[in-house]
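What follows is a set of notes on a single structure, which appears directly below.
Which chain is which? They are A, B and C, in the order written, and residues in each are numbered from 1.
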Amino acid sequence: MLKVENLVTEYGAVRALDGVSFTAAKGKITTVIGANGAGKSTLLRTISGLERAKSGQISWADKSLIGKAPESIVRSGIAHVPEGHAVISQLTVAENIEMGSLFRRRNHRSDVKLAIEEVYELFPRLAERSKQLAGTLSGGERQMLAISRALVSRPKLLLLDEPSLGLAPLVVEQIIQTVNDLCRKSGLTVLLVEQNANTALAVADYGVLLSLGKVVANLPAAELKADASLRAAYLGY
Amino acid sequence: MEQFLSAVFAGTASGSIYALVALGLVLVWRGAGVVNFAQMGQAMFSTYVASTMIMNGNSYWVAFFAALAVGTVLGVAVDLLVMRPLSGKRSSAMLASPAMRGTVPVIASLGILGILQAAAGMIWAAEERGFPAPVSTLGLSIGGTVMPFTAFDLFVIGIVLVTLIITTIFFQKTGMGLAMRASALNAEVARLSGIRTSSVRTLSWAISGAASSLAGLLVTPSANLSPNTLDLILIIGFTATVIGGLDSLPGGVLGGFILGLVISFVNVYSSPSDIFLAILAILLIVLLVRPQGILGSKEVRRV
Amino acid sequence: MFKHFQKGNAIKSLIFFAVIFYLGKVFDPYNQGQLSVVLIYFVGILSITFLTGLSGLISLGQGALMAVGGYTCALVVLNLGLTYWQSIIIAALVSLFAGWILGITAARLSGPYLAGTTLVIALAIPSLATRFESVFGGDVGLSVDYGTPPEWLSGAIGDIGYEQWQLFAVLPFATIALFLALNILKSRTGRSWRAVRDHEIAASLAGINVQRIKIFTFVIASGFAGLAGAMYGLRGIVGPSVYPVSLSLALLTGAILGGLRSITGAFFGAALVVFLPDLIDKVTGSWELASQIGDYLPAMVSGILLILTVVLNPAGIAGALHHHKPRHK
């Protein structure tokens, strides 16, 4: 399980995360929602090591992640799909996927092959386009590719940052359902950051509501969804 | 006609050296995002080492591989001692502006060049050294006529092509090559994929160091070695990468051969003092008409 | 718009003039000569302060622009018979024009492309001298006689030595350059340069024509470089050996070591680069070093200093001093 305690991350003088605490239960989908600028992306970036926390603690399976470099956090079984530019456009689809599996090649050669096959089964569109440059893919396909890249590293914890950004509702639906299925089938723990609270709360088990770097609510998703006053105050609907 | 042929052959031979230099520059550019102006300093230094070894009685090939080793070590040293600390400096305001981020490593590499040249001067007193060639440097005779190029020229061209093939296969077909390309294109995504980008970068510097030593070793039989002789070759090598595309290995090689031929023709049909003007002219034309270079890719041009 | 800070700058410039003049009277001839070179490098480094420090454009060819200034000045004196005052002004103007051409060519480039192109230019321009030997005097260059100290000056302050005259001849131009530089720094142009350097996209959104500003930077920087080159030529000879590639690198080194972004930095850098060999001599003189080590020690030291500065203290000497003053933009 992922445990975050009193996490503080600063950008210069601004406190993007101001004492965030919560836990993400193993094998469940926890979604982090909130308005723009609430600190959701910063939270994921701090967990995956791209940003350095000023203070606080992050632990996964009882091991601290604080101060570790991103590449070693990946090796602990945590995969981060950042928002926006999560694939390398100048590489092919196959290369992008392979990239995610490189660090496992020495010790898990056959499992790596298996993982890549599984990912192509999950997203057949990618299999069709495996030799194309990632930059030529549609938005939805690029998101699938980014998630694939993360999945081939056989993560135990998946950090997903705004997968719906810029995508058509049907595509979003498809992607979120895929992630949901994955979680239920393989016990993957998912931390899902989403601007689109409705979509996220539809599949999530738990919800963490962030506002201006602080945790405002930490509830089972159903309760969060039902709480009209919270929604109105922080999510605007 | 004879003049033409001799210009062609001379140009191809020298072009292969420029191609090697260009390869080294492209390797560091693609692997580490830096244009290493100190590259020929590294080459000069390792060639001096090789030359000293030969003077002390070692065989050509022992000295050859020693030079490659020295070049590799120098490359790694530059990355670990200078480039890594540089990229770690996030706090300095001067390095924050995007314009400076590409500039500062260039300045650092110029400093390294100065140090290497001064060190060579101190250690070897800037002695001009001759350097042997492993194969004949006499004109080949085919069917009774002596050709204007030598077995050594063929040797050099051969090595360049082999190096090109090896590096291309390495980059395109191996996992480490993929890791290098990924690290240079988007370090953040690469790190999130578990790639140790800083180690990968050091490897690029090591390989490029070896490649530049190779260039130094192969050019010195025809030119005398002294701390400054290779400066010109660096300029030409750099221009070759610009012409061919800074991010393209075959482009660099192509650029090298093109420049070699152009310079050779300028030498033969005009006068040697026109060379820089010719280089400048080609540089400007390419930058104006096709700034990404002949084989370069369109997006990554501005740093 | 200029008026309020022009007065302060004028005073600073006059103080500068007075101080250097005094040193010129007090120093021994060798150091007088060194000081005149410091002034020349100072003006040359100012071109880098504008280009690289304020605008973020790297040029390895400032030495070549100095050559343009120097040759123009010499040619004007030799062929048109003008006095050196007039010639220097013409040289500066021609350099502005050269800068314009350079700017049009190079303004679209950045980083290593810009560095490499300017380096090639640095090599190409001196080779013009050998190409057109009849005009430019080939490898040997042109030698110019810039005359002797005017009567009124030696009347006023007594006998003027050869090096002293070199210093006093160069000083007014250095002072004028300082005054202009101080003004440019504070002007709207200076602010636009900094805006473009720090965030090109934001600057263009704010209405700054980025291309035109960059070209303008080259123009101004080349003017300073050409002026420095003409000043250099006052020592009597203009030739490829006076403006080698190492000159461009020395200017860049001086700019970085002294402080890339300030005028005081430019001066520190100039002083450091010029006096470094002397300093090293003083320190190691008693050590009896082999000549091959001693010869290359200055180059080694400046290379090491350059790397240390870039890695540890990119703002240079001036920046380190500035840290102790209260911050202001």
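By definition in this document, contacts are C-beta pairs under 8 Å (C-beta built on N, C-alpha and C of every residue); 3 or more make two chains touch, one makes a residue touch a chain.
Keep in mind the model is a prediction, meaning the values are calculated, not measured.
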Practice item. Report the chain whose mean Cα position is at the greatest distance from that of chain A. Key: C
Check your understanding: Whose C-alpha centre lies nearest the centre of all protein C-alpha atoms?
Key -> B
Study note, to complete from the structure: When centres are defined as mean Cα positions, the distance from chain B to chain C in whole Å is 31
Check your understanding: How far is the middle of chain A from the middle of chain C, if each middle is the mean of its Cα atoms, in Å?
Key -> 54
Review point. How big is the gap, in whole Å, between where the Cα atoms of chain A centre and where those of chain B centre?
Key: 42
Check your understanding: Where on chain B is chain C touching in the complex?
Key -> 29, 34-35, 37, 82, 85-86, 89, 92-100, 102-104, 106-108, 110-115, 117-119, 121-122, 125-126, 231, 235, 238-239, 242, 246, 271, 273-277, 279-280, 283-284, 287, 291, 301-303
**Study point:** For the chain C and chain B complex, residues of the former touching the latter
**Key:** 52, 55-58, 60, 105, 108-113, 115-117, 119-121, 123-124, 127-128, 130-131, 196-200, 245, 249, 252-253, 256, 260-261, 292-293, 295-297, 299-300, 302-304, 306-307, 310-311, 314-315, 319
Review point. Given the complex with chain A, which residues does chain B contribute to the contact?
Key: 175, 178-179, 181-182, 185-186, 188-197, 297, 299-300
Exercise for review: Write out the stretch or stretches of chain A touching chain B in their complex.
Suggested key: 48-50, 69-71, 74-75, 79-80, 82, 85-88, 90-91, 95, 98-100, 102-105, 149-150, 153
